[in-house]
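In what follows, structures are represented as structure tokens.
Two complexes come next, and they have one chain in common, subunit A, joined by subunit B in the first and subunit C in the second.
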Partner chain A sequence: MGQAAMVGKDAPVVRVQDFVKRYRKQMAVDGASLSIDRGEIYGLIGPDGAGKSSLMKAIAGVLSFDGGTLHIFGEKIDSEAAAERVKGRLGFMPQGLGLNLYPELSVEENIDFFAELRDVPPAELAQRKHKLLAMTRLDNFRDRPMKQLSGGMKQKLGLVCTLIHEPELIILDEPTTGVDPVSRRDFWMILTQLLRERGVTALVSTAYMDEAARFHRLSLMFDGRVLIEGEPDTILREVPGALVELVAEPQVEALLRLKTRFPQAEAVGPKLRVFVPGATPQLARAQVEAQLEGLMVSEMQAVAPELEDAFIALLQQRQPAGQDDARQTQVWLDGDPPKGDGIAIAARELSRDFDHFRAVDRVSFEVRQGEIFGLLGANGAGKTTAIKMLTGILPPTGGAGTVAGADMRRAGLAIKGRIGYVSQAFSLYQDMTVQENLRLFARIYGVPGSRLAERIGRVVALAGLSGVTAQLVSKLPMGIRQRLALACALVHGPRVLFLDEPTSGVDPIGRRRFWEILVHLARIEQVAILITTHYMSEAEHCDHLALMHAGRIIADDTPAALKAALQQEAGQVLDIGAEPVLPALEALEQAGFSDAALFGERIHLLARDITAAEARIRTLFAERGIQLRDIAPRTPTLEDVFVHRILQQEQQEASA
Partner chain B sequence: MNGDPAESRARLYLWWSRLAAMTAKELIQFGRDTLLLIAIAYLFIFDIYMAGSVSMQLNHAVVVVHDADHSAASRELVYRFRPPYFKLGGEVLDNREGQRLLDQGQALVVLDIPPDFEHDIRKGKPVDVQVQVDASNTVLGFLAASYSAQIIGQYGFDQALSRLGVTERSIQNVPMIQSQHRVWYNPNQRDAWFMPIAELLTVITIMAIMLPAAAAVREKERGTIEQLLVSPLTPIQILLPKVIAMTLVILLGTAVSLFFVLYGMFDVPMKGSLVLFFAVTTLYTFTTAGLGLYIATLSRNLAQAALLAILVLMPMIFLSGAWTPPEAMPAGMRTAMFLSPLYYFIEMGYGILLKGAGLDVLWDSLQGLALLGMVIFGFGVWRFKRQFG
Partner chain C sequence: MKIRRIVALAYKEWREILRDRLFFALAFVVPASLMLIFGYGLTLDVEHIPFAVVDHDKSAMSRDYLHRYIDSRYFDYKGDVASEREIEPLLADSRIRLAIVIPPRFQENLMSGRAVEVQTLIDGTFPFRTSSSKGYVVAINAAFNGELLGSYISRRLGVSAETAKAMAQPVGVQLRYLYNQEVKSVWSIAAVLMMFVLMITPPFLTALGVVREKENVSIYNIYASTVTRGEFLIGKLAPYVAISVINFLILWLMATQLFGAPFKGDPLFFLLASVIYVTCTTGIGLLVSLFVRTQVAAMMLTVIVTIVPSVLYSGLLVPIASMDAAGQFEAHLFPAMYYTDIVLGSFLKGVGLEQLWGKVLALLIYAVGLWTASFLMFHKRPKS
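Our next item is the complex of A and B:
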């Protein structure tokens, strides 16, 4: 690919060879090799514990390592002194929202502090500060203490502080984890803009697979190793296979059949998604059709696999996931689950004030038995407050609601006994074993002693925990912990389940396992599920989505309908490959495509009339001597919906 | 809550079953915390042992002598400074040397005998002996000064008698008043009885505040409280198990300390009813835990809780009489002592263990403890409920 415009031909900025890092006996990174060229955004993708942070810290010169070589700016880093020599030329932002900042200091004081630390001359500081604050839209908040900023703003401030000494290489460790899609998009915009203007190099890690398209090149890391490295397209080519999407009735039966042959089959809302490794699209369709013989199959189409499919395929080559009969197990307490027409959760005009601040503003929605309901929104949009009211922790200021047949204003304790709850942060006892945790929650929820063993047995089977019941929770990986949290929430057989960002930091395979269980609970056992998430790929699983902004619900529909509405209103996303890409972006912006954004090597923009837009772009590029390699419409993703709706709302508020 | 009896019985059973499950959880977690276990073993065993081993008495205090006389009489006086209280640290040639040793802390007492000491005694002239005492530690300084005065006085008395020609036999005819005192409760005045009891009661107090506070703050710190709050547990069912479990732990520690250290190593007599002692200890730890719960509501993490606990513990111990007897307090602080639950506990602890006192004697203290304790516990529970209700 022609990267000449952005990527210099000189020696790589970072070269890592056979890197090894151990913590006592624990292997954190086991022989990783990669090289990063000047002007690149290089991605490290992988779940928690894959070794990303250790590798990044070593490159930033704040962590010693046990084996291999590390060159930065051509300098071999083999001692503290060598690391010190390059430190002035790089910037490092550690993981965690605003963890490198000082909560009591204001935005400006934080920036000044980092500038002083780096010996930035006052005149230059004033100039850079002005520019960076304007770019991050933080200039109105100069005097606000950092602790009062939202999660997204903290991350932007962290970025400003990292950039204040104009480093040549910036290392950002999971800068977008726990940040809502709008702030995430902002963040990327700033980053790409800086790269364009100053030609800095960036090493960025993420747990979100869908951010992969933002990178020029990336490494998929797992268990301390680099599974595969390269450009996103190359990686997809190197993991051959086809993805088939279809709708089948009955879905549960179809999924079970597919699972027996294709481990990478999953239900996403009304659709089924099957990755057929090593097959061409035609062959994949034929194989899937054969497997589903006799069922009602419609809307079958072969689509391009995503990076996440490739990642999971790679992982499964390495360690085939054990198939257990989890999906055959019923958790239901007694007899048949009720039929799926009852309303499990109803919120009517629910409001909650904190002092003078309205956290939740007249929110109404309904969740039926057997339905998966997704509550989306930025940090601080009011999701958690809404959940707290519905679970009876927080009394509402106004409005009403029923949960599992009980009035939330009067029967808080009754509600608590009838629901299951999995919280945002893992909140089980890490110094106790899996079995002890399950026993504790079973007894808290009043499971009678005679049924204790049976109930625990069921949820253990459902969550696939049978091998680890005697282990201490602190020894378990995130994915299994979250399944344990789910098992604890289900041990008393609730009909309503609340999940608050249950999969943050869980690896893709772990997330898939988790969702398999959720889908089973909803489809087969008719459990009503209310879930919040920042992963847009997870939102696709929901039957119904509500988008919250500033305490209000601003959109409420099925994922398909939300996307269709966006397409109707704002048009479609045009995915453009151009050469050279930066002048192309500038040309588009000057021509009035204000929402044109850089995605790695590609440009995305929204257009209502695609044909007209395409024609305009062709002439524009021809005039400027820019080569248009390809241009194609793409159906909007839920992230597009999310970002569009919220920006729209913000504009309305601003004009009002 | 009327309903039929079977239903309310089931509800009651569920209530207790939840409490039991939570208490078991607290004990499991406690057992897994190696560092905490070591700390508790240290406090209940080694700390008490050390408190019993040190003494507040003079023990081989170094005496240096500047003897300008070098006579039989001066030697006799010098050799009366004997172990176990004193130890001769040699002679110095002049007073300045003695001063230097005092300054450097190498001597506690400098005894200065003037020239012509023997000569003057023989002549019947009054003689002055200079005793310089390092009183930077007031207790030791006071003891050294008064023991020295006693030794020198006795020596002078003996000299006077012999000069008067009083013999062993005729001594009965000399008019003298002898003080015949009886020391009760601790006849040998062994510090090894007094000190470790005070220490044990102090350790119980520290644990009674720290353990429940730590157990509650840990839930906040690790976010586990969230899972409990969405469960059908009431705040009482969350806090009570912590208090119960930690009271059990403290009672166990107390028993080990009492039987193995106090009784086993120091022969503390344990005159009174042990049942009464443990009953009082239970009441004390349970109610004092209220302070721990209060601290837990104020702090966000373990470090804050520990700091706050120290803030509460210091005046509580200071005003209890464990370190300073009430008789040594100014009037205002003596009144304030009634606000320290440890004051009552120490009264009762000494009363039961050393004096063999029963409820009839300790009734007032028990009432004071119960009243104060209930207020403290009630306050802690109220705060906890307000924060987590």
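Our next item is the complex of A and C:
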């Protein structure tokens, strides 16, 4: 482990100083500075448009820039020729899952091409290929054309192709976006292992805040700037504050009261989460209690804030969020919710085949009026296809989907008019203003002229768009566009709402505001909401979750129940800090902890009997001369649940 | 320059083209189809003009006059109708393009030395056909008049028919068509179509191939690697030049075997000149691809920059010499015109390098210019 010990001792591998990149007049990166040491995994975290890709491309020497300096391996990169000099030591994987691979070529042909491009001698190529294919479990698919691989396999092949010439620095642009949690875990595992063995340095970007723990150090980027740089723990310390979680009745009233004092209050499923900046846990609890006097409060506890809380707090320090339009009571729908059994959406044994491929496989679930139902899964899991069948856009091959009791295969316009649908690539007209888009959608959905102004007024208030009605859509930031897409889908007053990955690429503040609206719609307006997402952190907001994998639902319950079931079946998550970490992981795996996984510098594993497991680990590490720094149980995340269920499913299929 | 990298690039590209059905079709099916469609569709010969007849005289002489049309290969006799009124709907339906009306007492008037008027109705919707039709009618009518005059002279002067004919038409025209003895337009057209197809398809395919790589970000594999600009351009484009040469051979076979065009020139010279030409048109595609980001934009731009010169300024439809000065100047700016001369010279005139070296040189300069410009414009560290 000589390499690991050398971390930070020599000159930084990458040094970026006051970096500026413009596309014509558009500022992409505005004065970013950071440095990356040898052997570390450095993270760039931020929403779409934060400038991550531009910065990474410039570091990879495939994009020129307009200001500042950039040093790679001590070489000043100021021209194409200078960039050429370091390219042999770099590996770059651009954004987009498997997009840079060649779909018509097989797995092996892809690897060979990258190797030949990089002058890898044939003998070494054979050896490295063998090792990397075994590691990524792709060796059985050598001859399969790349276009027939799953998302996770494409991502791993991309990694193999980037590593085949053994670069000293690899630059990976959003390698985990849209990949299922198991593949994601595998990916981090392989990456960490390779980096450790070879002392390679990695620069990795992600839009998922919850991946921050995977990095040694990271930069939070927003709007072309680095907000803060450092180790994850240091960043949390730099933004002092405490997080209070509680359950209060009635929730809506409690949330409103909290919001007047704490802008970072939100409803997450049945719970309320409040970040109190600058306060100690005791003080935070006291402040929150004072704010909620007279309400039924239970299960209050102060927990450690997460990076996302810190990120939002930082953003709000810079630009206080415009608190526009108070929206409290029922502003939007008239009258009472529909009577009946309260089931708004039902899928019964819904299936859909494309040629020989089953995209959705006997999927069943129900969504009640006033419920937020989350469909969670990787790209290609079948989420969008399921939504398309339920909205009547795509006829099912088998089974049926009903909305408000009507079969969507035969549903007339009257039923379709009661549905709101926000698709993945929302269909807004970029060259029209917000107001014009709303009018157009209202007219398309048949809102009568006499009610037009009133309806538009209501959705504008609901979505908080009153300041921007005269602006062109193309000029609006992503977060506001998303709210406009939502407003357009709501303008005709539907009681059932379908949302297909509405928050991909939106910044955390934008995502929170979006969820506030959704919570309002469900809780107060009693709208039934079916939403798909691949953000695990968002899934916590849903009242009910269905996990989709390879076309099937593999688990279906409330988030709390899903976690409880995991604890019952597989035990608690143990969070272990050990030194040196790689031999520790190896020892654990040999001792039978098969699900031990690396998270940055730490190891997670599932154990049914925590005290027994801890004792075993202590003796194991003592035998091997590994230092155990700390060990503690952690509540499992939904990602832990998802990974466990997928592995379970795969085992069942393997044994069947 | 590392040969291994160039080969890797070229081989990768080649496999992609062969395995992608759409690309394969674009590469090998489209050029031959274009040749077939245009070869059969673009024939400029006016023959088999459908016509009908109103014969109010029904005499031996009127039948003799009409048979000159009926027996001609330029006309297709569709039948007799009773009156002028019935002609109108036939013309309107395009069932006939021409009608001939013989007036009453045609023979009687002619015999007694009075002039008669034969009414001819021609569909004027296609001016080119119309003027050809008119030419045929005037010629047949003149021949009939000549014979009448000849037989009159022969009867009055008591000389032989030969002498009478010589006296009636003292100046004859002796025509010899050179290079295309049968004046078959398909001979010329098949040859010129090779120019057309090889002007359009290689740039199209090349631009799509390069822009596709930009659009799906695999171009970053190249940018981020140590492959040099020259290695990339040569490796990437070699398969497209190869495909174009294969297409050239297929088209050559089609022109000679299917359309029966004679090939009188030097095959080796023609092959070499054609390789230069496709290198040149592939270069057009490469240059286009450097200006655009999407495949759709690449298609539009390629169509504009290739179809216009190859149709209008190449001699395909209008000979360069009959253009005005501005048109001739523009024609000299595009490579299509030079290759048209090479194709026609090789096919029909049987001339070679001695006469055509200037044209080949022009193509060579063009090709070198395009590739150099592309090389200078291609960067591995672009601005966006």
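Here is the rule we use: the second predicted complex is superposed on the first by the 631 of 656 C-alpha atoms of A that agree within 3 Å, B and C clash if a C-alpha of one lies under 4 Å from a C-alpha of the other, contacts with A are read in each partner's own complex, and residues count from 1 in each chain.
The definition used in the following text is that a residue touches a chain if its C-beta (ideal position, glycine included) is under 8 Å from a C-beta of that chain, and two chains touch if they have at least 3 such contacts.
Keep in mind that what you see is a predicted model, and the values were worked out from it rather than measured.
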**Asked** A:64 contacts which: subunit B (first), subunit C (second), both, neither?
**Response** second
**Request:** Classify the contacts of A:391 with the two partner chains as first (subunit B alone), second (subunit C alone), both, or neither.
**Result:** first
**Message:** A:440 in the overlay: touching subunit B, subunit C, both, or neither? Say first, second, both or neither.
**Reply:** first
**Request:** Could you look at A:467 and tell me whether it touches subunit B, subunit C, both or neither (first, second, both, neither)?
**Result:** neither
**Request:** Using the superposition on chain A described above, determine whether A:430 touches subunit B (first), subunit C (second), both, or neither.
**Result:** first
**Request:** Check the residue A:92 against both partner chains and state whether it touches subunit B (first), subunit C (second), both, or neither.
**Result:** second
**Message:** Could you list, by residue number, the parts of subunit C that touch subunit A in their complex?
**Reply:** 2, 4-5, 7-9, 12, 15-16, 19-20, 216-218, 220-227, 379-384
**Prompt:** Taking the complex as given, what residues does subunit A use to touch subunit C?
**Reply:** 23, 57, 60-64, 80, 83-84, 87-88, 90-92, 94-96, 99-102, 104-105, 109, 112-114, 116-119, 145, 161
**Message:** Using the touch definition from the top, list the residues of subunit A that touch subunit B in their complex.
**Reply:** 391-393, 413-414, 416-417, 419, 421, 423, 425-432, 436, 439-441, 443-446, 449, 472, 488, 498
**Request:** Could you pull out which subunit B residues touch subunit A in their complex?
**Result:** 14, 17-18, 20-22, 24-25, 28-29, 32-33, 222-234
